[in-house]
Amino acid sequence: MDGCAGDQLPVSFTSAVTDHDASDAAGDLLGVPENQFWRDHQSSKVNAIRIRTLIENCDVAVIRFGNKYKQWNAAFDAGFCAALGKPYITLHDPEHIHALKEVDGPALAWATSPEQVVDILKYVTTKE
Amino acid sequence: MDGCAGDQLPVSFTSAVTDHDASDAAGDLLGVPENQFWRDHQSSKVNAIRIRTLIENCDVAVIRFGNKYKQWNAAFDAGFCAALGKPYITLHDPEHIHALKEVDGPALAWATSPEQVVDILKYVTTKE
Amino acid sequence: MDGCAGDQLPVSFTSAVTDHDASDAAGDLLGVPENQFWRDHQSSKVNAIRIRTLIENCDVAVIRFGNKYKQWNAAFDAGFCAALGKPYITLHDPEHIHALKEVDGPALAWATSPEQVVDILKYVTTKE
Amino acid sequence: MDGCAGDQLPVSFTSAVTDHDASDAAGDLLGVPENQFWRDHQSSKVNAIRIRTLIENCDVAVIRFGNKYKQWNAAFDAGFCAALGKPYITLHDPEHIHALKEVDGPALAWATSPEQVVDILKYVTTKE
Amino acid sequence: MDGCAGDQLPVSFTSAVTDHDASDAAGDLLGVPENQFWRDHQSSKVNAIRIRTLIENCDVAVIRFGNKYKQWNAAFDAGFCAALGKPYITLHDPEHIHALKEVDGPALAWATSPEQVVDILKYVTTKE
Amino acid sequence: MDGCAGDQLPVSFTSAVTDHDASDAAGDLLGVPENQFWRDHQSSKVNAIRIRTLIENCDVAVIRFGNKYKQWNAAFDAGFCAALGKPYITLHDPEHIHALKEVDGPALAWATSPEQVVDILKYVTTKE
Amino acid sequence: MDGCAGDQLPVSFTSAVTDHDASDAAGDLLGVPENQFWRDHQSSKVNAIRIRTLIENCDVAVIRFGNKYKQWNAAFDAGFCAALGKPYITLHDPEHIHALKEVDGPALAWATSPEQVVDILKYVTTKE
Amino acid sequence: MDGCAGDQLPVSFTSAVTDHDASDAAGDLLGVPENQFWRDHQSSKVNAIRIRTLIENCDVAVIRFGNKYKQWNAAFDAGFCAALGKPYITLHDPEHIHALKEVDGPALAWATSPEQVVDILKYVTTKE
């Protein structure tokens, strides 16, 4: 989030691996299961090593929903945050308001652009 | 799940409100916000009173993904279960294997039909 | 809440001691401290034996704010619920919307009358 | 708390946003709901991103009650601390002893001036 | 506590094994260690199977300190309750006020007689 | 444990599925993975639905180590209990004392025969 | 513990206030209650601000029992540690073995001298 | 794990004491119990001071099973991690797949060589 760097906010970002091909192949280094379910299973578990640690260590999570994919993983992470009492902000277009209502319910903010997320983070970390 | 009744399993089922129109209007009895986001927000919170209690009280959750909707709420509930260490079973068609890999990862079973879910519940509750 | 009895809802109510004089004197049976702070302190602790157990055992708490008193205890209980992830409904007049915004934030519903609370409980416990 | 700086205590302070107008408008950067309830709701949630993190990270919370407002938010934060087992000190005038008895009950100290708070922090952090 | 039976309170009591000789020999059925430390160790662990379950399941614990023994076990149980947020009442003579101040601190009541404990339980369970 | 029935103890027993072939095939009803690792994986997860619920609901777990198998699952369950603070009793021959020392460490008792386990349960549930 | 300094161990020590007069007067800066119970109560709560934070932040607690006092506070702290799953070492003379058996039960070591405690800390922090 | 040093990964390793003789004698500095069970008991508890702290502080645990010993302690640690929701990777030969299925179930990866573990850690810590 480049907006934060420009504003010199006391914020550091972490994220899941965003290279989709690398992420899908995360488990392949342990051997490649022939069955698609188990190949995905193995990779999703390896990615979870990273994601769970990042979620538990962060102060606030930003859960982004794009328009191309179903992104059930994003909704899953939101539920994980909600159960832990970890604050999270959702980021999605207005067209998904209805479909995401259960995800937005416990969220502490719904943003429609990365700029809004930066504005919120700026407010909560630097306003006196 | 009628299969359970026929088999006389020591299992009782609970679920979220499944009448979609009623669910969408759950919060309207408190007044109907003009803005769609807040109307959905209010309803999703009222529904959460029921869903959270049911999830925390159940021994195992069945998370079903159909083909029509995005069902981010189902993925959200799965993440909620995962964070609590609550066992859950996913129920979805093979075509969603890849999109649901993060949801299936911590699940204790992936079933493709209600009959399989009944079989699992029968096994875990009655097998000696 | 008489509305529930009439509707035969599967709900049972519990509450703090509502006889104010009895509540204020709850600790006096252990001896009456001369100092007002310690007399109140002793009584509030005895009342807490009841309140904490009820909060932890209930499925949903109803936090009511009247117009006469400051009722910081109600706000305190709401914070207690929020930290535990215990669902709660607030019940107060519209005039307190601004003052109670931090209390209403994590609440799963804001009602303005006991009838609305009954309606919500009816919905979440009996709707299919 | 200037007393701490003078005494060179190993203490750092954090707080909610204390600029009331900014705090009330915290959520407006996400769009300004016409309805007052939802505007307050949105802002209180954005402020909660900051407050919850600060409460969970602090070693001891100071909960101050002034004379002008109802400050249910302060009582709410005290309840939040109590449920987490987080030590907190209340700061209020003697005239509120009775109204705040449930809030003072689990508090580890009741102070009547900022100087007393500084004295307590000095004692608990530096006394050998 | 016979006072409760007479008053028909909705309260049931459980306790550690109070037959001291039996309690000291609780572990002997697993073999009797020659070394006194390990004999006591083994017995205290067997007794803990009972005590921990009772503490975690009770709504309020009564921690009694008599005059004959050091009863560090009672203070230990109080600390265990305090960490769990489990309400407890201490029962001891005024002469031990100073020595028990850290134990009385998080207690929700200090009683000097079993009758007072019964009075408190009567109040918290039956007062309306 | 027949000794308990004879003694009419207020104890009920639950256990994992003990029919080894059925247990190994627990997941096969969801389809049989060709790869042995994933077949075992699937079955162990289905069995975990039962085991986790039983462990979390029991008051005390009995962890038995026989002489034929490696029974890493038993040691795993002991570790699970230890992390939850759930009391457990180990049951194994003296020849495994050294190999099981980390498992016996947090156990509340080590028994060498089912009769000893019954004796302990009799003592902790019925002794006055 | 001077032995640690000499051995250059990667260990830092914290403790409750050990100046007994200062500790007993910890709450007096908030006003001195005439009643001895409430004076002790107020001071024990102020001291708890320090002790609880130190216990929750430490990796291992050393609980020392001397011969002069009843030290129920030490036993209380041990119970607090046990409930949190926080490792602790007891330090006391052999003559108290029987009286302290419930406190020694969940302890991870019983030492009879500060030197032994230093030896244990040296072993667990530096042995490869 | 030398592979990590070569790759300059942002990872630091900790482990239990791996000198078996030293580990078996860990408790002897407190006196050597004649009985083998209690000698092992005392040592396993002293070692637990180190192991529990390391497990709770690490981001991911690597649980290795060799071919020589029964290593119930490794399976115990895996169960401890699983109950805490702490990510762990198992490391063992394919021949133990069946015997370790309950341990591999909640693991986030199963590796067959230290190089694979390094590859996973490299992926989860440095991939963008």
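By written order: A, B, C, D, E, F, G and H. Residues from 1 in each chain.
Everything that follows uses one rule, which is that contacts are C-beta pairs under 8 Å (C-beta built on N, C-alpha and C of every residue); 3 or more make two chains touch, one makes a residue touch a chain.
These figures come from a predicted structure and were not determined experimentally.
Steps from chain E to chain G, taking the shortest chain of touch contacts, total 1.
Shared numbers divided by all numbers used gives the overlap of an interface; between chain B and chain C this overlap falls below half, so the copies present different residues.
Superposition of chain B on chain H using C-alpha atoms only gives a rotation of 180 degrees, nearest 5. If you average the CA atoms of chain B and of chain F, the two centres end up 30 Å from each other. Distance between chain A and chain E, defined via averaged C-alpha coordinates, is recorded as 48 Å. If each chain is reduced to the centroid of its CA atoms, chain C and chain F end up 43 Å from each other. For chain H, the set of residues touching two or more other chains reads 41, 45, 47-48, 83, 85, 110. Against chain F, the residues of chain B that register as touching in their complex are 59-60, 85, 87, 89, 107-112, 116, 119-120, 123-125, 127-128. Taken together, the chain D residues at the contact with chain C in this complex read 24, 36-37, 40-41, 43-45, 47-48, 65, 69-84, 94, 96-106, 110. By the touch criterion stated above, chain B contacts chain C in their complex at residues 17-19, 22, 26-27, 29-30, 42, 45-50, 52-53.
The touching residues of chain E, counted against chain H in their complex, run 33-35, 38, 41.
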